[in-house]
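Note that the chains are named A, B, C, D, E and F in the order they appear, and that numbering of residues resets to 1 at the start of each chain.
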Amino acid sequence: MCLGIPGEVVEVLSDRPDLAMVDVSGVRRAINIGLLTEDPPKAGEWVLVHVGFALSKIDEAEARSALEFLESLGQAYADELAALRESRIE
Amino acid sequence: MCLGIPGEVVEVLSDRPDLAMVDVSGVRRAINIGLLTEDPPKAGEWVLVHVGFALSKIDEAEARSALEFLESLGQAYADELAALRESRIE
Amino acid sequence: MRFVDEYRDADKARALAARIAALCEPGRQYRFMEVCGGHTHTIYKHGLEDYLPETVTLVHGPGCPVCVIPMGRVDDAVHIARQSEVILTSFGDMMRVPGGEGSFFDAKANGADIRMVYSPLDALKLARQHPDRHVVFMAIGFETTAPSTAMTVLRAAAEGITNFSVFCNHVTIIPAIKAILDSPDLRLDGFLGPGHVSTVIGARPYEFIAAEYGKPLVVAGFEPLDLLQSIYLLLKQLSEGRAEVENQYRRVVPWDGNPVALRAVAEVMELRPYFEWRGLGFISHSALRVRDTYAAFDAERRFTVPGVRVADPKSCQCGEVLKGVLKPWECKVFGTACTPETPIGTCMVSPEGACAAYYNFGRFTRSRVKEATAR
Amino acid sequence: MRFVDEYRDADKARALAARIAALCEPGRQYRFMEVCGGHTHTIYKHGLEDYLPETVTLVHGPGCPVCVIPMGRVDDAVHIARQSEVILTSFGDMMRVPGGEGSFFDAKANGADIRMVYSPLDALKLARQHPDRHVVFMAIGFETTAPSTAMTVLRAAAEGITNFSVFCNHVTIIPAIKAILDSPDLRLDGFLGPGHVSTVIGARPYEFIAAEYGKPLVVAGFEPLDLLQSIYLLLKQLSEGRAEVENQYRRVVPWDGNPVALRAVAEVMELRPYFEWRGLGFISHSALRVRDTYAAFDAERRFTVPGVRVADPKSCQCGEVLKGVLKPWECKVFGTACTPETPIGTCMVSPEGACAAYYNFGRFTRSRVKEATAR
Amino acid sequence: MNPRLPQLDREQQVLHRIERARQRAARIREDRITLAHGSGGKASRTLVEAVFLAAFGNPLLEPLEDGAECTVDGARLAFTTDSYVVSPLFFPGGDIGDLAVNGTVNDLAVTGARPLHLSASFILEEGFEVEALTRIAASMRAAADAAGVQIVTGDTKVVQRGKADGCYITTAGVGLLDRPVRLGVVHARPGDAILVSGPIGEHGVTIMLARGELDIHAELASDTAPVHGLVAHLLDRTTGVRAMRDATRGGVATILNEIATAAGVGVVVDEDAIPVRTEVRGACELLGIDPLYVACEGRIVVVVDGAEADTALAALREHPLGEAAAIVGRVTDDQPGMVLLNTGFGGTRVVDLLVGDPLPRIC
Amino acid sequence: MNPRLPQLDREQQVLHRIERARQRAARIREDRITLAHGSGGKASRTLVEAVFLAAFGNPLLEPLEDGAECTVDGARLAFTTDSYVVSPLFFPGGDIGDLAVNGTVNDLAVTGARPLHLSASFILEEGFEVEALTRIAASMRAAADAAGVQIVTGDTKVVQRGKADGCYITTAGVGLLDRPVRLGVVHARPGDAILVSGPIGEHGVTIMLARGELDIHAELASDTAPVHGLVAHLLDRTTGVRAMRDATRGGVATILNEIATAAGVGVVVDEDAIPVRTEVRGACELLGIDPLYVACEGRIVVVVDGAEADTALAALREHPLGEAAAIVGRVTDDQPGMVLLNTGFGGTRVVDLLVGDPLPRIC
């Protein structure tokens, strides 16, 4: 029920500016974007969909930096593992 | 639709004097007898049932005399046939 | 079954048939009209014609209440039934009768709430059971049935029921017989009078037929022996040069009818100035409508109905059949385009319709009694 | 799926798990509460605990909106649904929740017209489609869902729709967290803050937790890596002696929330003086009701509901589970008398309920990551 | 004899034209399904021919017998199915459960097969009482035991409230044709006798009265019963059986018509010979229906070589389910395709298929 | 390794107690049927066991396989039935007609039988469009032709408006078990591999979207197809097949549980190995449902000797209906009676039967 799904805005409906067609993995639904009037989403932008409403926009820059952090951790871990293996081989 | 079926009055319902339980060959239904208030049927009497109403009482004396007439015809016919056969045998 | 089986006895029938044959003048054709559809049904259902000489022809009359309802009235009823709050109730016979826009069955298949009832009282019961709906009773029939409709309205009024009304299509038999008698193309030698109608109106109203038109009439019961005996009585009158009203059905029909029933009808209904009969056209003072006093129970006032006159299909010859001018099989579409499963005319629908009775029961090559043909 | 699959990557998870293990002080037990039921669901659905050392315990919080609805409110909703004109609409999660007189499914099987909807807007659509019925939306949820209810009411008002109302059961998260913090029997080391609630209210309202109770809180996303990272961030704070509010879910949650959503809720709803939470009892200013201005859309005013407080079944320990005092399997009836097919408590119903999540997904003998236990 | 009047000749021409018209392929004229399409009468026949036979047509289906004969791996099987939608579900003498078992057992039996295995598939309406379902299942088991068959496979679907009427059951059955006979109404030929195994119409009238809408009461119970034992007894004692049918929807009249149509023969029955219980007759008179069209669920119609008629009658009467069996008519070469009835009154009339059954949902 | 904390031992005790409780005989606690009883999940199972198996119980029914095996006159037959109540009746990729044929063909095929003869019984709602029925009949014929079966017997009932939903169809099928194999989930044993023949959930999601209530749109079509050819191809090329099931109501998850329960084994599947189309996943995420529980109508789950897993996979992939087949898991002796899923994330979780299907009336 508290499900929030990221979806890409395909288009804002011209006759109903409070609705946007949103794509979730090739599946489309008209979503109410009335909660995002301060910064309305445009086609190509991503929103978080909850019970038929877009609750917020997804900030791609924030997402990228978070992933970079996770990747760096992963890299560090890989390095450590490699080091561990080397040390054992010794 | 213009079906009229003879049925025997089994009892007049005590709580609903406009209704009588009528028996048609062992099948019973409550029938409205409100059209027979001038001569209400009693148990054992026969009525003609039409769309849930008793349309008239069946006059047993009339029925008997009509049948007697038919039987007399039948007897006469049988006699004639016998006579015919005899005459042929001749 | 008492009062039934005695009148289906083959031995008595053979005796009567012999008398009938004996009464027929050689070479003379006899044409008797059974006015009532119930009689038509009996005739075919029991194979009564097998007992009649070929010179005696039974001509089917206009007394099938289903058959005389014009298409426009069916459409009006369907219109009422389409109102979402309405439950239309009807005797089963009406269900298949074609209107201009299909039958009750078609309307039902398309979503209208139409239910079959055995009695108008069952319709009233439905109204009690469904206070949130309005139950309309499709009232049809001659004087036989009108009293039950009237009694039901009186009961509804007494109980203060407000969600019940009748769509009144009751017709009266005398104007129909008069129309027949006045039609120039018909030669009839006598009438078999409708037995059940007569339980209500008695035998007296037929007296003009004998008096003014010089035709004998015998009020006949509904079992095959009743009819055979009535034919015998008609032939007897003719052979004796009489033209009278006789009552074969004395066990049920009082000469003066049922005064309670007549009063109930008169209380609730009044004559319409005119009414359209299917195939017969407009006949004045031939039908009943609900009186102003009971306007609340009149579906025609509660619902505005289209009231459009719908012309019968061109190929339909029901009018001629209802008047006895044509035998059912003489209609061009009989049995091919018009069948009980795809009726064009009303006479092919009701079991009391001449075409239906002949199609369902009489549709085979038969030979009449030898006594008659052998003479 | 973008923004989903990246956060379900096993390689990154392994790296994070190693970091987490490294941050744990040997011998120290860590107890973090995930407040939100959505998090509970993610944890079990993805098997997240497999990545955690045995010394890190995730304590399930009160943030499953279905779980906190008391039995009496379910009965009230069923009472409304039983009105013949009413169509009660509900999210699927509520359908199986037991009230004192059965669930919505039971009421439906007994004839009530109860339908599942995906969005409150679908309920409004039903109202438009059925002008002769009255559509009630069973509104439940924290601040995540309240704005959609509010927007729907605003839309109904703008359209002048008169056959739509909401049965408002919206609750607010902060009083629930406060109740947890104030309960004496709970020892927690930090909180995983509810991500979706925070898209609406922002991260700021949690500051008192760090400031007044000295507990760290990390607002966490809903994918398993989000949670793992948030646990990492909590451990990091602890290891560094910090107690702050951090926002792991920055891609979605603005620090100040969604002002449009907050305004919509404030326009349509107001705080109730108190509200009963299942298992937690009455909590003041913890729920929303429809304002007088929108009284026409308030099912509680349109229909007189019994409003009877129904005691939880004696065997039910949902309160303890919702407060995090008991693990689901520690409830005496867990998995035997109380199962998803025959739930005794609410926590066994919603996919976000701790008991249901543990029963459906976590009910097997598992071993935690070796790194932790091997130390 | 006088020469026929010209008028009668014209009438005969019309009758011949009608018979030709009746032999044309069925065409469905309605846009929508009506209750008549499920009545077992003309509309049912038209629907089956114009829609199902037209679409599925194959040599095994085409005889439209109560069951199909299929040879699988050398075994001669009979295979049949029926759906049961009777309302009310429980009625004097039985319920939808034993009806669903007996009906399919009987359809197998009348093909000459030994009924063996049944499937049972349920469509339940949301809100249906589990206790009622349990009672239905128990009576299915009892009926299966009585018929010596097993319910070996099944299915259950649940539909929303208002999309069914409590419980519908579809059974299918497999039987073994282990006798060297090949039965079918197509084999009827002039000279054959026609028998019925007992009084007719009890099931249909019972159901109608059980609905309570007519407020008619009678001491009547459904005749639902498995006829495989009766059939086996008959086939053990006579070799001349040409065809059997259980007289369900549409009653005996419908089966007589199927015989006349399939074999291109005339059928003549004697009204007085047809066993009808007094109460059935009473209810039928009251409602204006003909018992010939009223369903039974435990009566069979048998077509047998005329020379074996008495043997067959005796065999039927030896069995408890056939005690009131009677020879009711014969196959002729007169009026082919037509069923004629000699009325008790001494006249003759046609017995046609009904357009629509006045009693829907009796099975 | 550290000794387990005492707390974890207590948890394990609870888990064992639960497993014991789960093995007790099913008892139905509801007074009334709910949609869950038709969902293919736990409630369905309970209904079948507590009502139908309790009443009908016999050795042929008890395996509760997709079809029963009956030996008639030396012929090994498979016999099955299913009712179809799908709403809407027409949907992208098919309609109730081909569904009703394919579903029964598939239930026969997965028992290892050659599907031969079908029965078809219709329950029609008064007012149903004849044209729609004609289209349904045509697609049944087309599906029957594609599957090489004949519809040899049938029945039609009509119920009043509001007592059905247009058209329900029940098919039963007879097939010949002419291979020397005896298949059944009861034969699964540790070391076996589990395969699915293609991407899952397309049928269920298509139906749900076709209803239009959710206003969700996707380029999706039902996967309805007859799998007898695929099955025959597989059985021709491998000898190690232990069991097959078509993954309909309840989806792949339900079948995996049936394997675990019937054979008393553990089942482990790998989330990443399970083929799911992007759109199916998208719709499932949007609606909060798990594709593992969503119905297919042309996909099979195969249990095969682990040594033959690759052979079986290759055989499936050679057939057009199996191009996207995959090995998705294995049978273990761990956690008997339980299905575990290795999540894409690297964790493990239980995959249980659903209490109720979130998507009713999909077949």
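Following the convention adopted for this analysis, a residue touches a chain if its C-beta (ideal position, glycine included) is under 8 Å from a C-beta of that chain, and two chains touch if they have at least 3 such contacts.
Which chain is which protein? Per UniProt: A, B = Hydrogenase assembly protein HupF; C, D = Hydrogenase formation protein HypD; E, F = Hydrogenase expression/formation protein HypE.
Every value quoted in this text rests on a predicted model; they were computed, and no experiment measured them.
Student: Which is the least count of steps on a path of touching chains running from chain A to chain B?
Tutor: The least step count works out to 3.
Student: Please identify each chain that touches chain C as well as chain F.
Tutor: Looking at chain F and chain C together, the chains touching each of them are E.
Student: Considering only mean CA positions as chain centres, point out the chain farthest from chain B.
Tutor: Between chain B and every other chain, the largest centroid distance is to A.
Student: May I ask which two chains are joined by the most contacting C-beta pairs?
Tutor: E-F
Student: Among the chains here, which has the CA centroid at the largest distance from chain C's centroid?
Tutor: A
Student: Could you classify the chain E-chain F contact as same or different, where same means more than half of all interface residue numbers appear on both copies?
Tutor: same
Student: Using mean C-alpha positions as chain centres, tell me how far chain D is from chain F in Å, no decimals.
Tutor: The computed centroid separation for chain D versus chain F comes out at 33 Å.
Student: With centres defined as the mean C-alpha position, give me the chain C-chain D separation in Å.
Tutor: Centre-to-centre distance between chain C and chain D: 73 Å.
Student: Hey, how far is the Cα centre of chain E from the one of chain F, in Å?
Tutor: Here chain E and chain F have centroids separated by 36 Å.
Student: What whole-Å value do you get for the distance between chain D and chain E if each is reduced to the mean of its CA atoms?
Tutor: 61
Student: In chain F, what residues contact two or more other chains?
Tutor: 30, 32-36, 126-127, 214, 278, 281-282, 285, 288
Student: Provide the list of chain D residues touching at least two other chains, using ranges where the numbers run on.
Tutor: 1, 4, 9, 14, 108-110, 118, 122, 225
Student: So which bits of chain B are touching at least two other chains?
Tutor: Residues 1, 3, 5, 24-25 of chain B touch two or more partner chains.
Student: Applying that definition of touch, give me each pair of chains that meets it.
Tutor: Result of the pairwise touch check is A-D, A-F, B-C, B-E, C-E, C-F, D-E, D-F, E-F.
Student: Spell out the residues on chain E that touch chain B in their complex, using ranges where they run on.
Tutor: Interface residues on chain E, with respect to chain B: 214-219, 278-279, 281-283, 285-286, 288.
Student: Can you list the residues on chain E that touch chain F in the complex?
Tutor: Within the complex, chain E touches chain F at residues 28, 30-39, 44, 47-48, 51-52, 54-56, 58, 60-61, 67-68, 70, 72-77, 79-85, 116-117, 119-131, 133-134, 137-138, 140-141, 144, 150-160, 162-165, 168, 170, 172, 174, 176, 178, 360-361, 363.
Student: Which residues of chain C touch chain B in the complex?
Tutor: Residue positions touching the partner: 1-4, 6, 9, 11-12, 14-16, 18-19, 36-38, 63, 65-66, 91, 93, 118-122, 140-142, 144-145, 147-148, 151, 194-197, 199-200, 222, 225, 229, 248, 250-254, 258-261, 264, 350, 352.
Student: Quick check on the complex: what are the chain A residues that touch chain D?
Tutor: Listed in rising order, the residues of chain A that touch chain D are 1-6, 8, 24-25, 32, 34-38, 46, 48, 50-53, 55-56, 58-60, 62-63, 66-67, 69-71, 73-74, 76-78, 80.
Student: Within the complex, which stretch of chain E touches chain C?
Tutor: Residues in contact with chain C: 1-2, 5, 8, 10-12, 14-15, 17-18, 21, 29-30, 32-36, 42-43, 46, 213-214, 281-282, 285, 287-288, 335, 338, 340, 342-350, 352, 355-356, 358.
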